[in-house]
């Protein structure tokens, strides 16, 4: 029960924060309606929204998230420059293929975070997730060895994400 | 003092409440249309003295006078048709309580109520775009009801109806917007007042588009391909409604556009011509039918043609007798289709040969059926004679002799197949045994009420003419309508 | 003649091209996808014509809902026009 | 390019293409797609007809717009009409497709030239 | 300060539109659907993010809403491109002939019942 | 073949007629008549800054009631037509591809966010673009997302129909309250408030919330029915 | 203020992007290709809408971009689920 309450509070808090961003004001009317709506929606979505609860807001994890963002942004910019180079190059230097890698993440949301990070960064795209195996389309296959590929693709993000989504 | 808006608001409220009532106490669902239509009938009746005394009631919505907000115009004509819709709807609803259609009943009740609501809205509204909304309510409900039996024929008919109907309504929207770009207003009376600002080419294009759109609903000749299939595919009570009131609502909208909005008295002969064509083509097609429902459907289209002839002639006599004929036709076709439904319950089929000998086996229903047929044919003591005679008389007065001849020819064709139907009904030996059972009493009641109406119309044709005269005046007197509506406010 | 007008022209021509594509193609799924594109483009045009309410409604209803209903209909019937 | 020609011509052409689909194609879903195109075309025409050059959307949430709104904003009525028309369009579309699903279930074909009563 | 902010905003907008264009170029030029997705997700995502951030900086009152938009794009775009990639593979869309390896072929997880 | 020729002929005629007419319609110029009243007096009359919303809900509120009815009809008609459709047709039975983990997880997270977005749209109908219809549809599409990504996601049909019916009845009752409190159907009977705040514009937010609930529940029911027939 | 040449450049780039996306949607050759184009077009259009919002100086237009993105996402997902045989 306490767990459920934690889930509910977490969901409502996230939704309320989002509402504040949406409206961009602290007008009491807006916040009141926002709180009402957030609570109402959280009431029947909290079990789907989160498995954890308020511990998702533990300061250590939030700090990790904050640290992860710039790192991720940098990765993304690198990815884009790479793809841009390939798209602009007259002969389009492509060397694509689908490789299989294992991930160390265990929770669903962690797997999703890894997969999405992979999708958004250098020349890689998650095609399929099967348990702990990711099938990744790689625009420039540098290694077909699973262990090597693991180090090159999800290995970049995992240390960080592992701490955010244990 | 009852507000006419309740004619729209109440059925809506009841329609929305049907699922909830179903959760509370299921058998009550079927009575909701009866209750709703009973109430609206009373409301419509209570409005008659007021409209008779003071002319049109302009009902404002949203708190603002006409050109700004939407208004309902409850004039004699609108009220007459609204009352007709409520009465026929009430009788059909009574019929349906004991002769249910297929599952799901709750959805059927909602569609049924909303169909009538849409038609009522169409005849009452005073706003051109609101007319479009109600047209769509009516036609979407009609599409769903046409396909409600979910047999191959009925869903195909529904698709055909849907395609033609939605082309029509899209064209109406286009025509309306062309007018809006020139006048900047959507109120019927206000558009009519500003019509002189409209560039003639735009005016003619939108006239044609709008006429085509309502021609579909009114079953005008080249646009009525959907009608026989839809009439055949729908549940029989719904067919009665289509024939008795829905087509009339479409015709009303067409007339409102031609007479009031555009005021094209000099172009009405086109309507008369198309009416006669409709009549001839439909009656000729009816001759070949073996299925009685389809035959009646064609006959109904033919009668719509006759009505268009009447309104196309456009003299005072023609319009009054046309309105009289609207009433007559609603009653006759109500009896015919509902009676046919009762017969089909016992015979299990609607084919001509299967009705053989019913005259002796279901005497009362058959008698009503026969009287309604004779009335449609226009035999003298019955009310159909007066309306038909005066329509033809007015046609002759207007010197449309060619049209008169063609209309008479149509009547002869009509007589041919109706008399064959009577012959089968009364003078042929039955081939199959009937399904055992008794005629349920509520449908019998509604047929009885229709019969009483028929007798009243036949006994007092003069009074009926007197009753419809204000409606005819409203239709013919364009300036009166415009000034009455805009007198309540305006920019 | 501003740049925005050029963009509008491009969008309208794209819309007409998409409509012609719908006429030509035999793969109904492709036709549905392209119809969704038409709705999306129409939403931008409504936006450019200063009708934000309409743009939102068009995006929500025509691009989202209608596409979903079409897909279900395709799933229950057949995908290719013979 | 002339904006009037662009919008009015574009919506007219789209309308005609939609009508062509409805009248000529024999596939039921293509016909429904044609109806959809016609809807979109009419909506585009309505909105374009309410547009006024160099004016902004009729949402007066800035103080400067409140001074003389009718000199600053475009015509709101066509927008209201189109909202209604879009909603009605989706209703018709849903009905049409459910009918199509039923026809396919009964007849196992989407070709109207093979459906007896639909050959018009 | 304000000028600097505007400068940053302008730069971000320019970079954003450049990447949007490059993404579309990649979608147009690349040989098969998987490679197109690589361009279609990454470049357009970064482009849209940077453009929206630029607009948010240029008009600071809009910044919260711009942040919501960015968050939303970050959440949805990779998911939709994953869905498209998976759907293409399951529906039997072949890899470009220049592809060098396909580990997915021999695994049940990648089989599917669709049709491209 | 004759059909094609006839159709093209018809289209040509229509094209010429449209050209003749549309060439006379001026583009981009001010031809407002009634709209001028709406724009100039809308904010004082009702306190809603979004004039389109004021037109939709109050000046032309009767249309909107009809519009709600049309959607209701579509949902009802669709339910009636698809009633008892063979849920499993043997001939085309196929194994469904299950949704992927990423999709499922992302959907779980996005679902409440999109619901909130929909609620935002219909609560702020009088301040920002949007309103009851798009808001309701966004809510329904959140459910569609759930249906797409989770094979076993169900909605409670009874609850959906309760909400649908109650919302519809509330709309009519608000209209009737207008009739008895302010003199005409759907008239505004609440104070207009300060333009630009959330609690302003009289009954507009009230009606839009009602519409949002109604449209949302209706379209959710419709989509859920459509999902069930594809199983 | 953002200088005029920057606007021109940004519009040109985005316009070309839309053009290329539309071309890919028409050329296909298969439905997944069109779907990719739709997905890219939705994102590009979100950018365009936000940019035009700045041009018109109306903050309300950001809402539209948000809803447009959400709806485009759902439509893409629906079509993808159809393609992989999961609908």
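Some points to look at:
Per-chain numbering from 1; labels A, B, C, D, E, F and G assigned in written order.
The rule is simple: contacts are C-beta pairs under 8 Å (C-beta built on N, C-alpha and C of every residue); 3 or more make two chains touch, one makes a residue touch a chain.
Everything quoted here is computed from the prediction, not taken from an experiment.
Steps from chain D to chain E, taking the shortest chain of touch contacts, total 2. The chains that touch both chain A and chain G are E, F.
Relative to chain E, the most remote chain by averaged C-alpha coordinates is B. Annotation: C-G is the more contact-rich of the chain pairs C-G and E-F, by number of C-beta pairs in contact. Taking the mean of the C-alpha atoms as each chain's centre, chain A and chain D sit 39 Å apart. Note on chain placement: the centre of chain B and the centre of chain F lie 30 Å apart, centres being C-alpha means.
Chain B and chain D have Cα centroids lying 29 Å from one another.
Chain centres here are Cα means. That of chain C falls 19 Å from that of chain F.
For chain C, residues that reach two or more other chains under the stated contact definition are 6, 32, 50, 52-53, 55-57, 59-61, 64-65, 68-69, 72, 74-76.
The set of chain G residues that touch two or more partner chains comprises 11, 14, 18-19, 31, 35, 37, 56, 58, 60, 63-64, 66-67, 70-71, 74, 77-79, 81-87. Looking at chain E, one finds that residues 25, 37, 39, 41, 45, 61-62, 65, 68, 72, 75-77, 79, 81-83, 86, 90, 112-115 touch two or more other chains.
Touching chain F in their complex are the following residues of chain G: 60, 63-64, 66-67, 70-71, 74, 77-78, 81, 84-87. Residues of chain B that touch chain F in their complex: 3, 5, 9, 12-13, 15-20, 23, 59-64, 67-70, 103-104, 107-108, 110-111, 114, 117, 121, 127, 129-130, 133-134, 136-137, 140-141, 143-144, 147-148, 150, 155, 158, 178, 181-187, 190, 194, 199, 201-202, 205-206, 208, 491.
Those residues of chain E lying in contact with chain F across their complex are 72, 75-76, 79, 82-83, 86, 90, 112-114. On the chain D side of its complex with chain G, the touching residues are 56-57, 59, 61. Residues 11, 15, 18-19, 22-23, 27, 29-30, 33, 37-38, 41-42, 45, 48-49, 108-109, 111-112, 115-116, 126, 128-129 of chain A touch chain F in their complex.
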